[in-house]
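Provided herewith is a single structure, encoded as structure tokens, for subsequent inquiry.
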Amino acid sequence: MPLELAAKHGRTTAPADLGRSPLAIRGLTVSYGEKPAVFSVDATFAPGAMTAIVGPNGAGKSTLLKAALGVVRPLSGRVTCWGRPLARQRGRIAYVPQRASVDWDFPTRVLDVVLMGLYRELGLLRRVGPEQRARAVACLARVGMEGFAERQIGQLSGGQQQRVFLARALAQEADLYLLDEPLAGVDAATEKAIIAVLQALRAEGRTVVAVHHDLATVPDYFDRVFLINTTPVAEGPVAEAFTQANLQAAYGGRLATAQMGAVV
Amino acid sequence: MGMQFVSLSLPPLLIGIFAAVACALPGNFLLLRRQALIGDAISHVVLPGIVGAFLVTGVIATWPMMLGAGAAALIAVVLIEAVRRLGRIEPGAAMGVVFTAMFAGGVLLLEQSDTSDVHLDVQHALYGNLESLIWLDGLGWHSLLDWQALTGLPPELPRMAATCLGVGLFTAVFWRPLKISTFDEGFARTQGLPTGLIGLALVIVAAVAAVAAFDAVGSIIVIAMFICPPAAARLMTDRLERQVGWSVGFAVLSAVLGYVLAGYGPLWLGFDHAVSAAGMIATVSGIILAVAAFFGPCRARAGAPAEG
Amino acid sequence: MLWDALTLQLGYNATLVTVGAALLGIAAGATGTFLFLGKRALVSDAISHATLPGVGLAFMVMVAVGGDGRALPGLLAGSALSAGAGLLCVSALTRRTRLSEDAAIGAVLSVFFGFGVVLLTVIQSMSAGRQAGLETFLLGATAGMLWNDAVVIAAGGALVLALTVLLRRPMTLVAFDPGYAAAGGMDVRRIELAMMGLALAVTVVGLKIVGLILIVALLIIPPVAARFWSERVTRVVALAGAIGGLSGYGGAAISATAPDLPTGPIIVLVAFALFLASLLAAPGRGVLAAWLRHRRHRRRVHLRQGLLALAQGQPIYEALTLRLLRRAGYVRADGVATEAGRAQAAKALLDERRWQILRGDPAHEAAAARYDGLTPPERWLTPDQIAELDRHLGPEAVT
């Protein structure tokens, strides 16, 4: 069922809904140069759900996340979290960037990276006490990395690096988790571990939004899906929105290559 | 011996050490941010700054010169950033354009202004004059407790000590924001950290250190100390805390060894003149880096194992 | 006076220096472009600072064997050798350790320069009061230059330029796409070495005119300025050569007119003026053009989003959107759409609908890639294709 065009550029959601949504985006356009990477996007992410952002390469998935977090500046549009401006709610949001965005040769240990997640709690001068250290180790344990606390981060494999990023996000104890391709280029064991952690977060009532590239696993891992190709294509529960027709609309001629034949 | 050391060697040694440490501390972060050469750029624009200050005030005095140099450094930083962003030019080239043009302007102003009879020249800005910073009232170790004698210390010494302290405080207080924003800028922004401001503050602190140091020790040490001790330290350890510790150690070692070699080395070799202490300190820091490059325990890039 | 200088009528030396500076500028601009495009512009900074110990050592060697320590060819040979050693250090530090190239450059330039200063103080004490005059290499000095030196510079400039012209094809290929060049059977490493060698030669020849601190400018500023004017490598190289040559020629000529106009800084400042003009005024990449384009693009985005909101009866939050709609006459002051506004909004919505069909259709993949939210599909499709799209839309949409 393709989304009605009326709703596509629409601000049709009721205000009450906006207030409850951990992440609501209205009329968002971001351009690099003169071609919009995302154009006129409206999106309201459901609280307590696990949503996949899906679309072809260059569809603006990462840009959407970065603009939502204020990391890139939009040309137009506004973002609210739980009905309030982003700046007021930063403490409730955790972000897991793409692995490639960081200098892995940086001189630091795994545990230090996880402790960075406690920055808002520690501020400038408070010392890291045994309690914070124990919490950081516990976060590492949740992603199965407790044995690596003292390792230099450059010595980790891709999957392990991704798990450390997730542990840092866990340390933030946020209500909204935004992840940019958390499963790209990781091994099967890491994929399982990450998904288990994300599902546990959802079970605790937290909201998870992840950019996801593997169409075949969307129905298994997520309960909602947001299809985008520069403009939003469809949004809703996987059973309703993750359809052949919507995928066709989002991927166009590129669907055959992207699809693994596991669409509901 | 004690008297000669206290009056002739102690002040320049201390000034050299403070200058080296003040530059090495921000140098660690500049190195990790791939901005190591900003120190080079800042040191070059010191010249137009002091010439400009002389033309405005008409006197050769320390404070106007320092302010002029600081203003020039700030202008350079802003211009580099503007050229880089507005022209979409890689940072190295943007630096190259700005600092060479400003340096050229400084030389031109110098030639135009009649400063032939005053002590204001390119060489001084480059080499400084560490050897001349002596303490005539220092008659021995006991003078260190004599207030009257202490007031006769070269003013560069307390100035450099204060700068070193200030830089150290900045590093300690803003350690976490500096570390987080250097490692992962995107994450830092989601934490509400003003990453642009942090980067600017770092460069300004580096500029303050460079400007305070150039008058006493010259620009060469400044550039060398921004880069060589942190670079050598990076090859010794994989932890930022320890890297900064190593870099301070290397900076002190370069200053002491360089000063001693410049002062006494030629005598040992049978020459009767000392050589430039500033040049020697830079040379020693380079030798330390070379040794670290051959034997440092963490000299090679972390070979990330295959995916999986 | 300036006219005389520009037309080369201020004596043999001034003429030779001016011609030499022009040749050097062309060679420097062209060579520097290859470094700049490879994102290694500041390598030239390491090269130039690393010449100083060579100058000092050459002087000491020449004095030791009983010659004139100030013989220019000897000093230039020495500077070339130590600059080469500096380059080797940069590449060794970058390849063998985890340090990045900028750190290696900074380390080499400061340490070599520091060592050079040590040697200069040794020379000062050796010559016991008699000025060796090596300080002129820091900033360059053409005043009081000997005829022989001027000949060396003019000939050196011509030689470097000839080499640059000779090697321009392989260097262009390597700078543009090293992978492709290697696949085509080129020895990329040797060509990169040649690039470095040329930059080194430019530096050495330029030492006497512009000095080692400012020669960097001739290798960096012209390429950066030229980059604003073209996206094609060959043109950037040619333009950088032209800008470098113009700076060298103009700078040397201006400086010849008065004793207190030092050659090096004037050449650099002329180059910088050309850079500023390019930064501001160049079409395409220039600041002014880019700013105007960004403004226009932002207006288009807001106007389009506003029209789409109008078409669907949605509220418009952004002040800029409302203002643009009002100024275009699409809404009245009270926010209600005008006749023209409704027509434009309907067309915008129709465009979006057509695009939606088109982008979901594998047959239109090429056209679908052109979607930018702003351009109507008619721009890329024939009327027949549009009609075909409209059959999918249903009759009520197309009115």
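Remarks
The chains carry the letters A, B and C, assigned in the order they are written, with residues numbered from 1 in each.
The working rule: a contact is a pair of C-beta atoms (placed from the backbone, for glycine too) under 8 Å apart; a residue touches a chain by one contact, two chains touch by 3 or more.
If you're wondering where the values come from, they're calculated on a predicted model, not measured in any experiment.
Of all chain pairs in this entry, the one linked by the most C-beta contacts is B-C.
Here the chain at the heart of the structure, going by C-alpha means, is C. The most distant chain from chain B is A, comparing centres defined as mean Cα coordinates. Taking each chain's centre as the mean of its C-alpha atoms, chain A lies 43 Å from chain B. With each centre defined as the average position of its C-alpha atoms, the distance from chain B to chain C rounds to 29 Å.
Look at where the CA atoms of chain A average out and do the same for chain C: the two points lie 38 Å apart. Residue positions of chain A touching 2 or more other chains, listed in rising order: 105. For chain B, the set of residues that touch two or more other chains comprises 234, 298, 301-302. The set of chain C residues that touch two or more partner chains comprises 98.
Residue ranges on chain A touching chain C, taken from their complex, read 5-6, 8-12, 26-27, 29, 31, 34-36, 39-40, 75-78, 105, 229-231, 248-250, 252-256. If you check the complex, the residues on chain C that touch chain A are 98, 293, 297-298, 301-302, 304-305, 308-309, 312, 314-315, 317-318, 320-321, 349, 352-353, 356, 359-365, 368, 371-374. Note for the complex: chain A touches chain B at residues 66, 69-71, 87, 90, 93-95, 97, 101-109, 112-113, 116, 119-120, 122-125, 152-159, 168, 185-187.
Only residues 31, 34-37, 39-40, 44, 83, 86-90, 92-97, 100-101, 103-105, 107-108, 111-112, 122-123, 126-127, 220-221, 223-224, 226-228, 231, 234-235, 262, 266, 271-276, 278-283, 285-286, 289, 293, 296, 298-302 of chain B touch chain C when the two sit together in their complex.
On chain B, the positions that touch chain A within their shared complex are 32, 173-177, 179-180, 182-184, 186-187, 189-193, 234, 237-240, 243, 298, 301-302, 304-308.
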